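Notes to accompany the following structure.
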């Protein structure tokens, strides 16, 4: 058992994750084939989540108590409670089945053009990103609200800073620090959530590969999948750490 | 260092006032509501003078200062009164005019420099900010001014320090940066809210020394919010004593300390340990400042006052008892009580 | 009143980790307390005054065995308690109690006032659960609090009331020594005097020795018989309160006293001012020689080379300053040799 | 000196009371009671046997006999929804239980011991936390084998670093409080300090975290059952009902609605209660 594991580690260093017990194909190759679809969904979901979530949260935080704020809060509360695969089913049924505006299933690689790629991804990525957007909206609102009552904001106002100047120079960077931290944690969640959304959207990606592997107890495949996901998450967190250091001078000098 | 001349009996002449607060009344509307959280507050800051706003926490001194800066919390509403600075009523002038005054002719220094400075902005940028906003200076000119200001407040190696962040400095240095930023807008009045409370006492002495120098050189008037009677005795010309949202007494500093005309002032003075009375009991004010939402009617100090009389349940008018010396105690005003400095 | 010391500490030294490596190994240390000696006499108050970074709070934790010393000894009633454990440590707890700075954090928010006050008795097995309320009520009345407060929770009390509860809790075991760390600095002006009066009264009634730690010279002066002045982990001056506060010998003591403004405009403006310049040095990297020399207005060249020891200068006082070498002057060279040998 | 009698602090000491005074959480609590009630009473109130197939009734619409219609085997959807409520209550409890069982003692231990123990366990937790949760759950299910209990244990293991972090953080911050030092000063033993002074004070943040994790666990259960790794047929959970609805979405497009709504409402309930608890308890800290 130990020997087996050591051998696997050795192979791993050479980029060889072994062969699938079921299909007999190389695990590395299988993952390489399935990864683009999954990474596309996840990547697009992150973009949607950041744009929608941070934007809505910022507006809500700056206009606390307004109707915008209440709407965002309600929507975010709902968004967090909705399973992404269910949202995907609803979206696909509304936009791809009842109205045939977008393709219901499948994936087109980017090499086939931007629109075919995007049109297949937009519904699953929206569904996947929704919960993260909701989480980010709440968190951003909270951070903005928190920064607004900090003494240094009062100092800046006392200096005559107001409006856009105040927001840009005093608020954004300080509020971004905790938001960026949360973003790193959300990356893992999105990659996991992609598994189920892929099923709903009929996309053959890492998720569907992994599910089959589990059902077939195809251990090399599962190992490969978990390892690959971990590497992706580590890379994302590395990027987040770099961004964090850039935003927060305290980290830079420490 | 020569001591500043003592002000005695000089009436604060309202005509020469740089800032005059008249009948300022603030209501607390959120949480437990308290009408008259700050009520009928009146005082003036003459040109180039230093006025102390003192009292324990919860007495409304910081709120009064924030009202002057237009920085009241949301839950507090201005009900009536005026705050006239150099001919402009800050309560009615509109946001644009208010922004012109804040950080320009009226500067501000706050407690706890660490949290009052933006942690993600260099100190140079923070000092330069007032120059850029109020004098429309470009980045480079403003930076040069910021360097001069850092020099002025006694920070060594100013050019290198411009690019430091607040967390890279000691508390005393941070407070010097706050002061540099406050005087960057070339103010005539600086509102300083407990500027030395968070600092060690030897650092406090340095900061007070700096403020004294700046007052002399720039002709600044200072409104100093503090609870430290020693700092008042050291630094201020006039004293405004607040209790539970009322100004209970205001007077030139020597009169306030020598012949206090309100039982609260005299009790505060009596509760300070004095070197010639070591290991003897200090004066105690029983009870505590009532929390907002439960201020008593009439004289608000009356439940804790050792001289309470039935008449104290009635509202107490502001009465002049000496040159520039006002009290809100009816019994003292009527001559029935001479609280003095109780020991 | 006997002059026997109830508490004697010698050579107290304590350093703290400043930074750790990723795996928790200590990379950098700061020596918070460096060779401090203290003696506290029964029924007397010893005041320790200093600013932030002086190590006064650490000293209070070391003598009360809330921290363990790196070097040095602590004796209570002649018994070495430096390494006391188990039963002996518990016995020490019964004879030495602490009052903390922050009455808001010093009481467990999930426990009633009665529990807080009588818990020491419970822990030391002196009472059973059933007697708790009665004994708590007794203790509360000793600190002039309404005994009806026993069933209240700390958050319902004002700061002054909480600090009385803390004092009652400290008194429960009838300790011979009270260590009070900034007992009034979190309180409002008018409440402050109540607590100081209470401590004075209790000491007169029960004859406790008090170690009062504070940054506020006026408070220390008011309560203390003797005063110890600390700067960057060292004692710089020690002596009778009236002398230390009235005729300070060490330049730091002098500057510290001068920096505390007197609440009297005429007196304050007539005083000689000593304004120090610059920041206190980083405690992790204290200057060579005398630690105060970087801010000292009367520093000499030797001060950078010689670390002055605390020497008796007569009149029950000691000073650590080259300008006050004491009655039996130590040759500067010899003094230097002593320091190097350490 | 008379003590002030204010009512707010007393309310804060009984957080549940304060939570229920908010309309939104009162509604949430009522829904939770209803949910638990129907889970317990499912055999009594369900109109049909949830597993009884009536093939003639496949995809039957809403009728008096089938108030929510029938599924692909003609089983009564309302009855299946009611029985699935049992899983909606018990499955998260399994996960949260496992997570607390692992996270609470280790978190306390790391928070009290600090030093190398804390550093190493902290790194480990951080690493586990950054793994994609569902992917790790898949891996564990692959080892344990599919099935509801296994799936929920897997989810619990995935949650344990979260609980660990909350407990460790709370323990560290409580240990910083003066009252812990004060407990040592009066002679409390380490064990007494832990049980009497530290545990009651970390209960609040733990309770908040547990409530929120209930909702997350339910979502995880739904996901795993949806892809067939959780609850096994013929038993029904809302997730597996959604899975069936997905497979038959051309025949019965509206079958995705009832279990989805039940799921969202339940998760919403846990989240609302968790948020309310957090606000109430945060107010208590702040005071």
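By written order: A, B, C and D. Residues from 1 in each chain.
Methods note: a contact is a pair of C-beta atoms (placed from the backbone, for glycine too) under 8 Å apart; a residue touches a chain by one contact, two chains touch by 3 or more.
All figures in this text were calculated on a predicted structure; none of them were measured in a lab.
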Graph distance between chain A and chain C, where chains that touch are linked: 2
Winner on C-beta contact pairs when A-B is weighed against A-D: A-D
Centroid spacing, where centroids are CA-atom means, of chain A and chain B in whole angstrom: 50
Between chain A and chain D, centroid-to-centroid distance (C-alpha), Å: 23
Distance between the centres, which are taken as Cα means, of chain D and chain C, whole angstrom: 49
In chain D, residues with contacts to at least two other chains: 1, 4, 6
Sequence positions of chain C contacting 2 or more other chains: 158
Residue numbers on chain A that touch chain D, as the complex places them: 77-78, 80-83, 85-86, 89-90, 93, 97, 184-185, 188-193, 195-196, 199-200, 210-211, 213-215, 217, 219, 222-223, 225-226, 229-230, 233-234, 237
Contact set on chain D toward chain A in their complex: 129-139, 141-142, 146, 215, 219, 222-223, 226-229, 239, 242, 245-246, 249, 253, 256, 260, 263-265, 267-268, 271-272
In the complex with chain C, residue positions of chain D that touch it: 1-6, 9-10, 12-13, 114-116, 118-120, 123, 177-179, 181-189, 192, 196-197, 200-201, 284, 287
Residue numbers on chain B that touch chain A, as the complex places them: 69, 71, 95, 99-100, 102-104, 107-108, 110-112, 115-121, 125-126, 129-130, 133-134, 165, 167-168, 178, 181-182, 184-185, 191
Chain B-touching residues of chain A, taken from the complex the two chains share: 150-152, 154-162, 165, 169-170, 173-174, 177, 247-250, 253
